[in-house]
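Across the two complexes that follow, chain A remains constant while its partner is chain B and subsequently chain C.
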Partner chain A sequence: MTGSVKKHVKQAIPAYVILIVIFVIMSMVSPSFRKIGNYRNIVAQTAVLAIVSIAQCNVLLIGGIDMSVSSVISFGTIAMAMFSTKGALGLAGSLALAIGVGMLTGLVNGLGVVKFRIPAMIITISTQAFLKGICLVLMPSSGGKVNADFAAFMKTRFGVLNMTAIFALILYAVFFVIYHYTRYGRSVYAIGNSEVCAEQSGIATKKYIVLTYVLSGAIAGLAGVALSARIATGNPLVGDSYAMNSVAAAVVGGISMNGGIGTVLGTMAGSVIMQLINNVINNVDISPYYQYITKGMVLVLSLMIFQMKRRKRA
Partner chain B sequence: MSETNVIVEGRSLSKEFNGNVVLRDVSIRCEAGKAIALVGENGAGKSTLMNILTGSLTPTSGNVLVDGKEVHFTSPHQSKAMGLAFVHQELSLMEEMTVGENIMLGREPRHFGLIDSKTLHRQAEEILRDIGYEIDVHAIVSDIAPSDKQITEIAKAWAGKPRMMIFDEPTSSLNQAESVKLFRFIDRIKKNGVAVIMISHRMDDIFETCDTAFVLKDGEFVFSKPVLETNDDELISKMVGREFKNAFPPRNEKRSDEIRVRLKDVCVGDVVRNVNMEVPAGSIIGVGGLEGQGQRELSRALFGIDPFTSGTYEIEGQPVKINSPRAAVTNGIAFVPDDRKAEGLVLPLSVEENILSLILDRVSPHGFVNRKMADEEVKQGIEQLNIKVASPMQAVQYLSGGNQQKIVFSKWIKTHPKILYLHEPTRGVDVQSKLEIYALIRRLTAEGVSVVVFTSDILELIGLSDEIYVMYEGEISGHIAGAEATEEKIMQMSAKSANKRKQEGQ
Partner chain C sequence: MNTNSGKLRQKLKFNKFPFGVYLLLVAVIVVFFAATQGTISPAHLMNIVRQSAPLGVAAMGQTIVLLVGGIDLSVGATMSMVNLVAASVMGGSDAQILPALLICMALCLLVGLLNGYIIATFKMQPFLVTMAMSMIIEGGYYIYTKGIAKGSIATGIRFISEGWIGIVPIAAIIWLVIWLVLSVVLHHTPYGHRLYITGGNQDASRLSGFKSKEIVISAYVLCSLLAGIGGLLLSAYIGTASTGVGADYTLNSIASSVIGGTSFLGGIGSLEGTFPGVLITNILQSLMTIIGISEAGKFITQGIVIAVMVAINQRKRR
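Coming up: the complex of A and B.
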């Protein structure tokens, strides 16, 4: 490992340390935590968040943010619930629909940012609202049925892992290579560092920004498909928590909100940490509403630490 | 070889910004294997000309030709593709990437589509060696010294194998040994047929490397001569020498004994170093020099935006700690920033809201704005500064630069300051408003206000100031009475002191 990869990977170390500490402490104090079933559970629960967080990591790296992933995920489950039981063609069609709508949403986000200079937060919250409306029109409340064979396949176990988790791991490996060993990845970091400098260095910044949002939408669509296998139905609101949680996962994993710093490897640890917070709270029998308080605190603290480090450097 | 091997040519280039002509009918020919020294004062149009040649700006009129064919660049990477490289003074490096990755950005060597980091860094090392330097190519840019960043920037430009290289003040962050290496590199690429343009204020650089000197003044071409047939005194005299108009009100007859502000060895990081200055009551002190020599940082520190890191700051004999603009205002300080659109005004708000923004407490005796008091203050402000507005409710963003600047002044004068810091007080302001602003500043000093003017306009510096300090690389390089100052003397303090000190030091 040479060059800036080493520096970016270093950004991920604190997340892994925190992750291990939580794991060790919980395994020691809580008998119900250290059951193999619980580990399996954590993995299964984390897989979807881990996939969306890749999408979020992409856009954060170019200095943007994507709040529309939540509606793209909800739409993914609805697409699966409406068509995936209608034979092989239905399954393929619903997959394509989930991913396609994700990409389309990403395209609108990307063009909004690049062509109309709309702040990423605003345009992605707007597309989030729009798409959520579509979801609610199509399926006002949870319903439909997801192809059972597909769901069973995604839940196939390999030790503590399941198929969805393996799928997530493969995605992480692919994106690690993309980000650190391709020109596209280099350009993403360059844009995140400074869009002006990247442009002056002859990088087609606009093209890459749009591409990154489209990619983010596609991955969020995939996450929706993965989630539908878990919940077996379509649900217009099921994706809601993922927008904030994926931002938190990326930031806790060392991705800078200002772009250009961090690695997708850290995001992986970050998403496990965010999921563990849920699991720990369930295990120690506290009201689930404390999940929000804890997650909120974790996010606020990580952001503060990040900004402090930045200021010191400047 | 034919006698004219012109790579890039600009024909009758002009550029206007909002009716303000910054470049007028300038033609330049850059021949293969020749180096042109582009010289002129701040604001003479050097950067504008270079930005037009490389596509960052489009000319209002005139043409750019590459290899004799007309081109219409709309972005810098089109000119880059045709082999024109611009080594910027404000660096364009990625702070979080390694030196090697920066040099090879956009031309990374690949192996089955994946970047080969080892080869990349080896190639970057070769490019650096080719231009005569050795830097650790694996170092992260944010960790390296400014001189190494400058060298990385040069290597990055050279990696594209350009046919023309433009250097903007390349030696300003290099020491003598590094500069000599750069000159050798420039000599070598000239032999290989690369055209070079160098913008520099260091006369040594120019005589060392360039073939022709090309002088701009106030956006117009004034003079071009082979460097062998000229000398630095001639160049300086061509750069300056504008006529003094009767623009400036008479100076104060005598210096007050009361020192309003005293700076003792103040520093801001290493950008402002050990500055000593005295500002008498009722005087105008001018601070000049080339752009980017620490004036901006000093002015911001005086107003508490980025406070001093060491030294003492005294007001009326008492040491003060001004850690925020609020503290500055409490101490009777006002500050007119150089960027009025970003820092001086709230553009979408009305004339009235802007003028009243600092005295809301005064016009709101019971917590609510008193209409009558507010109207009176605004009316008085508009009349005092002769601001041309249709109505006080007009949004300031649609006013001219001159009127906008007067509103900034009005807003600050209303705080009844004892000390007024001005940064580029007449930038982008029409002539009539300029004269009014000069008269206003002088009038304020008669009421006992002390003024410090930071300006890169030499005429303004000399015409307005009772005393002048010149900054160079964060230090005061000269101090002269306004009445004795001439453009030549100021230019020499700004540019030549550097050479002198460099020779003494080594």
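Coming up: the complex of A and C.
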């Protein structure tokens, strides 16, 4: 491991500590939490959020944000539900459609940021709203049917893990290598730290920013496909919570909102923590409505902590 | 001739009054009449004005926050909260109107203070803080109502959205009066000037001796209070409690502000632009209802309008 990789990986340590603490405390307190079935549940529930969080992590590292992932996910489930069992597209075609629309959304986001200088937050909220509208036109309420063989394949179990979780783990491994051992990764960190400096050092910043948004869209599309295997139908609103949760997962995992600091490894722990909040609330018999308050507070608090740490250093 | 038109252009360019948006409003109204092929009377247009009042008031709050370089994504949740709290405290009885109003405004004050304080003190991204706040508010009202909206709005207060004076709806009068007061505050008081300057450059204004932190906080407080008033107008309009009635208002208020020329970078924009912005947003969405895609159309118009208007605003500045 080179020095800079070590520095980034260090940012992930607090998230893993929090994760372990939650696990240990919950395992001691709640007998239903300790069951192997519950672990399986956690893994199955986390897998989709973990995949989206990679997308969010990419964009945050470059100093942007992607709120459109939620609608891309919803569109992914709709594409799978409408076309994977009937019509000319077939399974491969609908997979390509889900990912393609994600990439197209990412392209619009990237060009909006680079060419029109629209703040990332605003352009991605716009594409989120637009694509949500398209989803509602295509499928006003949940319905359709996802290819049963595909759904069964994604649910194949290997011990505690299922196929979706394994895909998620592979993606994390791939992106860890991409971000820490390739030119693209180093450029992303450089742009996130200072776009001006990166450009002056000869990095094609605009190209990389657009590429990052397109990549983010593609991964969000994949997450939609993975989610469709879990819920087996299409749903125009099912992705809504993922935009906020993926940002929270990345932030809890140590990614700075200003870009350039953090690592995907932390994001993985962050996504498990965000999903554990639901699980913990269910297992200790608190009203499920408390999850909103808890998640909101976790996000604000972790942002505050990172912000204060940064200021102390500055 | 050439210099004359140049002068005129310059005059128009540097005049604060956003003529372009009013031209756009006229164009949108013409399209609306054409699309409905005359089946819609001018009285219907007054009705659209009446329905626009909640958004109109909330959007003014959003504009003020945008002016100080922030953004408030908790507007919708605040409006939903006011609806639920007002309905449950009133329970349809006129005697409870005053306590209900006081409780609602106190809650809005708290939301605004928290938003502003966290953002200004810790220098955190406004959209994340306000979005987290909107999650917390939503969680709060779900816990309060246990997921089932109860209560109804007292008949004594429903006149603020149901009443008419001649052909003018009372809701529109409330909207215009608030607009007038805020417009005077923004353009003709030291506080208003400081608000614009703080939005233009927060550090510079702090170094010039303004209390920029307090000004930012006050903007968020104003925004939440206006969202609260908007929520009351909305509640008076629908008359019952219903979860998530405010959900559309967050993006709609942003769309209205940016149509009116308010910039995301702070310091640029005015309430005079937001007024036609609100009407344009609502008329576009009425058009979508006429086409038959009201729910989906709402999101599609929001998306396109925000992206295009911000792109235009950014281009103008360069």
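The rule we apply is simple: the second predicted complex is superposed on the first by the 311 of 314 C-alpha atoms of A that agree within 3 Å, B and C clash if a C-alpha of one lies under 4 Å from a C-alpha of the other, contacts with A are read in each partner's own complex, and residues count from 1 in each chain.
In the analysis below, contacts are C-beta pairs under 8 Å (C-beta built on N, C-alpha and C of every residue); 3 or more make two chains touch, one makes a residue touch a chain.
Since this is a predicted model, take the numbers as computed values, not measurements.
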item	value
Which partner, chain B or chain C, touches more chain A residues	C
Which of chain B and chain C A:199 touches, first, second, both or neither	first
Which of chain B and chain C A:17 touches, first, second, both or neither	neither
Partner chain in contact with A:293 - chain B first, chain C second, else both or neither	second
Touching partner for A:304 - first (chain B), second (chain C), both, neither	second
Doubly contacted residues of chain A, that is, touched by chain B and again by chain C	none
Residue ranges of chain A in contact with chain C within the complex	112, 116-119, 121-123, 125-137, 140, 244, 247, 251, 257, 287, 289-297, 299-300, 303-304, 307-308, 311
Chain A-facing residues of chain B, complex	75-77, 80-81, 88, 92-98, 100-101, 105-106, 108, 110, 113-115, 117-118, 120-121, 138, 140, 142, 156
Complex interface listing, chain C residues touching chain A	71, 118, 122-125, 127-129, 131-136, 138-140, 142-143, 146-147, 251, 254, 264, 293, 295-304, 306-307, 310-311, 314-315
Contact set on chain A toward chain B in their complex	2-5, 7-8, 177, 180-183, 186-187, 189-190, 193-194, 196-204, 260-261, 313
